Amino acid sequence: MTLSLTLLMALPLFGAAVLSALPKTNALLAKQVALGTTLVSAAVTIGIAVQFQRDNIDLQFVESHQWIPSFGINYAVGLDGISLVLILMTAVLAPIVVLAGWNESQSGRWSTKTFYILILVLEMMAIGVFAATDVFLFYVFFEAMLVPVYFLIGGYGTGKRSAAAVKFLLYSLFGGLLMLASIIALYVLSGEQGGHTFDTQALSHLHMSSMTQNLLFLGFFIAFAIKAPLWPFHTWLPDAADAATPGTSVLLLGVLDKVGTFGMIRYCLTLFPNATKTFTPTIIVLAVISIIYGAFLAIGQKDIKRLIAFTSISHFGFITLGIFAMTSQGHSGATLYMFNHGFSTAALFLVAGWMSSRRGSSTIADFGGLQRVTPVMAWSFFFAGMSSLALPGLSSFVSEFLVLVGTFTRYPVAAVIATFGIVLAALYILIPVQRALHGPTTPGNENLSDLTLREKIAITPVIAIILFLGFYPSPLLKVINPAATHVISQLGFSDPAPTQLGGK
Amino acid sequence: MKFTTPVLDYAILSPILIVLAGALIGVMIEAFLSKTRRPIVQLILTLGTLLIALVQVFRIRNTTSLSAAMGSVIFDGPAFLLQMTILIISIISIFLIADNENFTALAAALPGSIEEQEATCKGNQVTEVYPLTLFAVAGMLLFPIASDLITLFVALEMLSLPLYLMAGLSRRRRLMSQEAALKYFLLGAFSSAFFLFGAAYLYGYSGLISFAGIRESIVGGTGNDVFLLIGIAFLSVGLLFKVGAVPFHAWSPDVYQGAPTAVTAFMAAATKVAAFGAMLRIYYTVFANAQWSWSPLLSVIAIITMLFGSFVAIAQRDVKRMLAYSSIAHAGFLITGVIALNKAGLSASIFYLFAYGIATVGAFAIVTLVRDSAGEVSDLNRWAGLGKRSPWVATIFAFFLLAFAGIPLTSGFIGKFSIFSAAYESGAKSVVIAGVLSSAIAAFFYIRVIVLMFFTDSHEDATTVVIPSVLTRITVIVSFVITVALGVYPAPLIDFINKFAIFIR
Amino acid sequence: MLINNGLVYLIALPLAGAAILLLAGRRSDKWGHILATLLSAASFSVGLLQLSQMLARPTGQRAVEQKLFEWISVGTFKVDAGLMLDQLSICFVLLITGVGTLIHIYSISYMSHDHDRRRFFAYLNLFIAAMLLLVLGNSYLNLYVGWEGVGLASYLLIGFWNQKPAYATASKKAFIMNRVGDMGLSFAIMIAFASLGTFSFAGIKEAAPHASTASLTAIGIMLLVAATGKSAQFPLQAWLGDAMAGPTPVSALIHAATMVTAGVYLITRSNFIFDAAPTAQLLVIIVGAITLLFGAVIGTAKDDIKKALAASTMSQIGYMILGAGLGPVGYAFAIMHLLTHGFFKAGMFLGAGSVMHGMDDEVNMRKYGNLRKFMPITFVTFGLGYLAILGVPPFAGFYSKDKIIETAFNAGGIRGLLIGSAALLGAGLTAFYMTRVMILTFTGAPRWDEKAHPHESPILMWLPMAILAIGSVSSGFLLSRGNALVNWLAPLFAEHAEKAEVLKPVVVTSLALLMVVIGVVIAFMKYSRGEVSSVAPEDVSALTKIVRRDLLQDDFNEAVFMRTGQGITNTLVKTDELVIDGLVRGVGSAALGSAGALRKSQTGFVRSYAAWILLGAVVLVAAIWLVTL
Amino acid sequence: MNAANYLYVSALLFTIGAVGVVVRRNAIVVFMCVELMLNAANLAFVTFSRINGNLDGQVVAFFTMVVAACEVVVGLAIIVTIYRSRRSASVDDASLLKR
């Protein structure tokens, strides 16, 4: 059987179908099915990644079937380096999330099987959204994705879950509808210029007045900025991350939010090159603000989950910065950053989730001296933290530094300000580390249990990947670089030459 | 002077004639059959009639004629599509109407009087609803194919009068129901007076009552524009009233709430189709060349309607009222289709009408299922926790709501996209923006209901969901399936519509 | 450059040790420390092997390189995981692994009672590996990895007993202040890449001549910032004192002998940049001068023996930085002082450790006294270290420190005079506070409380001390015999014309010795006649108070950075809550409110509805009229 | 006599009717006002038919009367039911449905 993206999307859907056929009562079976499905799709994805030809900048694994011909809408999917990396991340994270969140569904309003159906549907849509090469198809996944997440947060979360879910959904829908307006405009324009189409390639050749282009760009960008989330569109994220179960949070911050930054690359940049140039300065500013702002707020948080959420806002600032720096380093760095952030956030959220589920609270102040009580858990958290503050030798360092260098060559000031983020990062990681892991063991923590075997198995691959890519990121970079450079050159940018050597 | 014997194209009129015949037979049955036997017979008769009519319509799909019935009826692709839609919607709503929980046992009896209770105990039913429905359907079938002012007016009344009565037949909260009937009737009559007055001036303008004639004189520019403008304005009042556009919307929330839910479903879905059908024909063919005069106004009305509908819906506490306001908002969306005034707009509107109509019937069908000891419960707060008690019903309802909100993979999304893109294509950008904005607002209250059903724990006076009767179940499932199908793979229907959606003049 | 594939073992061995010990966990408690020590020793022997090979090669080809694999490559941003060993780095390799191994041995017994000893050794190995990567990396980015690696190791080791909140805080402080410095390093790399298109040592060395002074100065200053962070130089010095929270062997290895000298390494390594950027060089000198006095002054008021030594470390590194700042002449001397200091300061720290070991972890010197009777070996070794740091001939410090002072004067002009005299003054102060330490600890009447029963430490502890003591006696002489070290390092640095001697070496030496004598004498007069109170006297001059508070360094940081930082954080948190999210929530509630208001328009009176319709109709007619006008 | 005057009359009647609907409370009266409006329309039709010199308008008028009659039937039925159950024909009393 030849590997195809359709197959890859069909797998989780099939799994979901199987699950829905299962009896409600047998939770364990549901979990096993979910785990099996995600593992298989992970394997398939890896297979695809292996078959992927690195230095071929054309889309690969392309499929295209008519969907709604009268609107020129196709079911069209394909891979370039960037989407491949993100799909890889999604597919690898999924089984980890399932395994790590083995008992998450218990606190939910509904049965375990429903939980995993939602997870699988979400995985399928996430893959679809990264693979789509038809704007309409992308939009369909982009919006439809919200529904499973909405129910995951509202149905299985904790605390103010429904409020958080609604906030998340409304925010995203608002952005989505702006984007819809832009998409309609694109559709009409394409109709005026030789045939309705939603093919990304074709649309990128449309002629439009700079005014139109700017407006349409904004329509897309705001949607993505809300997803990513970029300051000041971020306020839904902490609530959502706080309310959602750890597993959901991982999918939310690790995968779903990447759609925002991915969309910026795939749609904002390629469809509206001129508008991109117009808005780049503004966006750079927003990105820098996000970096610093998110970091400061993370420092100010009392709740571990909210803290992690804000660190992500800071990190998404870095990603956006890298994307709009318009240098190959910045761009590759940003994409690599998306991948790495997926795993370091996963590590943070999963461990934080285990901590709070054991302690029955996610308030940092409630913890203390865990390093003595639960060394393995404490170590995992510390490691995750180190990767989040981009310690050299861990994956996120490579991406973060690439972003910074790439930005510096074109926007030195922005890069300099952003670099202060790494000091703040040290603060927002070490403060919780000290409060929760160090110091005397505070009452209520004396007999927390350490990680179970299942949890260890779940966290090990994450740590392994973070460590491995820290020392040897080339496999990914080799895939990303061609795509990234392609995007840059499409926009007519090339890396600035060293100032002192007259480009020699 | 010499008379020409009228030539009637019976093939084209047959659907309407069939329905009318069925209705008359129904009246006979009321007169001659015993109470006990009536319900089942009436149901079979009605269903049969509608199905035959449907088949007949389908058979004549390719015939087009400007001059059926001496040019007072016109039949073409859109006419075919609209009649199909109306019939399909009627058929699935008949199942609802047949569910006897909805109607009073004895319309004539005073609310709470002894004879009412007796009648209820006897299990009597007002089987009159069946013929009434059929009459209304006949009117609806005629409305979008009428091609002169008389027929248009007659059709309007034909579809309205039965509905006025049906609105008053609710089994529970009869005072409200009667009030709804009164309001609907008075306002309906009021607006049709405007309609007629407008018609008079159009006649005055062109000297002819046939659409073709009026169109000619508009194209020719002969005649007094003042008459034309007054005519267009007042005629529009009548039409906009029927579709429930702001500021002519005020009746719909009250009537939707007061009327028996089955009737509401039928009315909300089918009347919209008929009214918009007529509107599309009139604006696309008759008034097309006077676009300069009405297009801006309709745009404004569309914007106001969309925003107002979505906005006020946020504050509703009653499911049926909420759906009423949502239907107002959707009327706004549909008017954008009228403004578009291009082929895409026509097909989009028809698709939207179909998708929306089906989803509406489905949604109201669900509403009939949520009850407590005192019957139907439309108070939203008491819907809390429905998702826990009966997940399936809640999920399907949520799905309909998402369809209304226009979330991808539902029919609503395709509809929205197509109608907006059509309007945008014709340059009505501002309307599209407003539409997008109001969809954002609308999402707000659809989601509120979903939250209520799934994420809120139920109160002690929890509602129960009755096991749907076979009939209601059919309604729900059919409309659900169609909504899903149109969301996932709308291509066939769209192509089908595109094939037929051309007005002949 | 020659390829040599042995280099990786230097790092791999200790790294493997760390990995094994951390992963094996409690299982390796029994043999963990042995393994770690052996691996460190193995690394040391690899170092010796490399040295012998290097000696075998002609001067031109002594430097060797090893490329492991392509690390990062995006566009022109290419960096290999590459190692480079040359005359400079070999010195460090031997110092790190040698002293490191000794301290491993020492720790075996010092930490024997700690049930987390295995973890301690894991960290030690981790540190050795990181530090070796720091000095072996062939580009600034590789160095950066080691740079932050040692930062991590030091964080872990300072916070080794982090169940004590104060210690945890100390470790955090160290990490953060280091990060501030690291920022400088990343800036340096960015500037280098942006302006020169490279950031490997070789690349920059080659490109430097073409580059503008401006960019080189910028790079230089950023490197200096990095150095101040790692080497606890002014203004980023504040963490070192608190870092003494770590176990004493750590203080000896990391916060005296090796890690804190990384800054000196960085500057000497970047000589080709500083030589071309006089401004940056001047700043280096200034920082060095300030710090050497700063540290010395702090040292005079410390009662905590480790903190006193820490202050002295700070000051001694000040000397090295100063030396490094003095350009081609100075680099070698800076390194020499670095090496000798590595011996005697490590020795003294271990001595302090052994004292604490004997006095069950009492660190307050005022509670010591007359310990020479009870721990003679400690006394002797410590004493030798003491003589060395004072710069008494022929002990190690004499050769290294005097050279620096000399070069300082030779810088010429006012500048020379200023820094020279600063260095001299520093020497005097050093003499004073070190003598004070000696007197308080080893002489005078015993002031310890009853339960203390001082005793000499076991062999595993005094042996390393002894070895280091030998080092602190002989190293100076050996390294400077026939300018051994200077010539050894010469190929790395730009050759330079001999500066005219402002002062004859003899003069400088005698001046220095004079200062030392003065310092010693004052100390004796102050502490050796009459009793020393076992609690610090409160009736002291304001100056003393300030000095005791480390010249208010922490107060300053707290007031300026911490407070503002917290201020910003709190305001932002509120802003987010009230303004940004408030805005969102406001929109929501506004919508609800206005919807409620509009809802009232539905009065329920049919006549008002009719009125609406009528109004609508009228408006419609009017409007259609207007439109058509 | 100028036919236009008839138009003015019809317009006047229509206005009176419309205003009546808005101001009068009694359901019957309100309904009668509606009838008035319909007849105004009729008058307009007839007048136009006269102006245009064809019969269509008058045909419409006849149709309208019939339709109006039907309306009366339905209308009175509804109004009477309301009256019976409420003992009042005031349209203002029937205001349970609001908001």
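A, B, C and D label the chains in the order they appear, each numbered from 1.
By definition in this document, contacts are C-beta pairs under 8 Å (C-beta built on N, C-alpha and C of every residue); 3 or more make two chains touch, one makes a residue touch a chain.
Source: prediction; values computed, not measured.
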item	value
Which of B-C and A-C has more C-beta pairs touching across its chains	A-C
Chain occupying the most central position, where position means C-alpha average	A
Chain of greatest Cα-centre distance to chain A	D
Chain B-chain C separation of Cα centroids, rounded to whole Å	80
Euclidean distance of C-alpha centroids - chain A vs chain C, Å	37
Between chain A and chain D, centroid-to-centroid distance (C-alpha), Å	65
Intercentroid distance (Cα basis), chain D paired with chain B, Å	25
Chain C, residues touching no fewer than two other chains	599, 602, 604, 606, 610, 617
In chain B, residues with contacts to at least two other chains	182-183, 186, 190, 194, 253-254, 444
Chain D residues counted as touching two or more neighbouring chains	18, 21, 30, 91, 94-99
Contact pairs between chains, per stated definition	A-B, A-C, B-C, B-D, C-D
Residues of chain B that touch chain A when the two form their complex	387-388, 391, 402, 405, 407-409, 413-414, 416-418, 420-421, 424-425, 432-433, 436-437, 439-440, 443-444, 447-448, 451, 454-456, 489-491, 494-495, 498
Chain D partner contacts - residues on chain C that touch it in the complex	599-600, 602-607, 610-611, 614, 617
Chain D residues touching chain B - in the complex, by the definition given at the top	7, 10, 14, 17-18, 21, 27, 30-31, 34, 37-38, 40-42, 44-45, 47-49, 51-54, 56-57, 59-60, 63-64, 67, 70-71, 74-75, 77-79, 81-82, 84-86, 91, 94-99
Of all residues in chain D, those that touch chain C in their complex	18-19, 21-25, 30, 91-92, 94-99
In the complex, chain A residues that touch chain B	66-71, 109-110, 139-141, 143-144, 146-147, 151, 154-155, 161-162, 165-166, 169-170, 173-174, 177-178, 180-181, 184-185, 187-188, 191
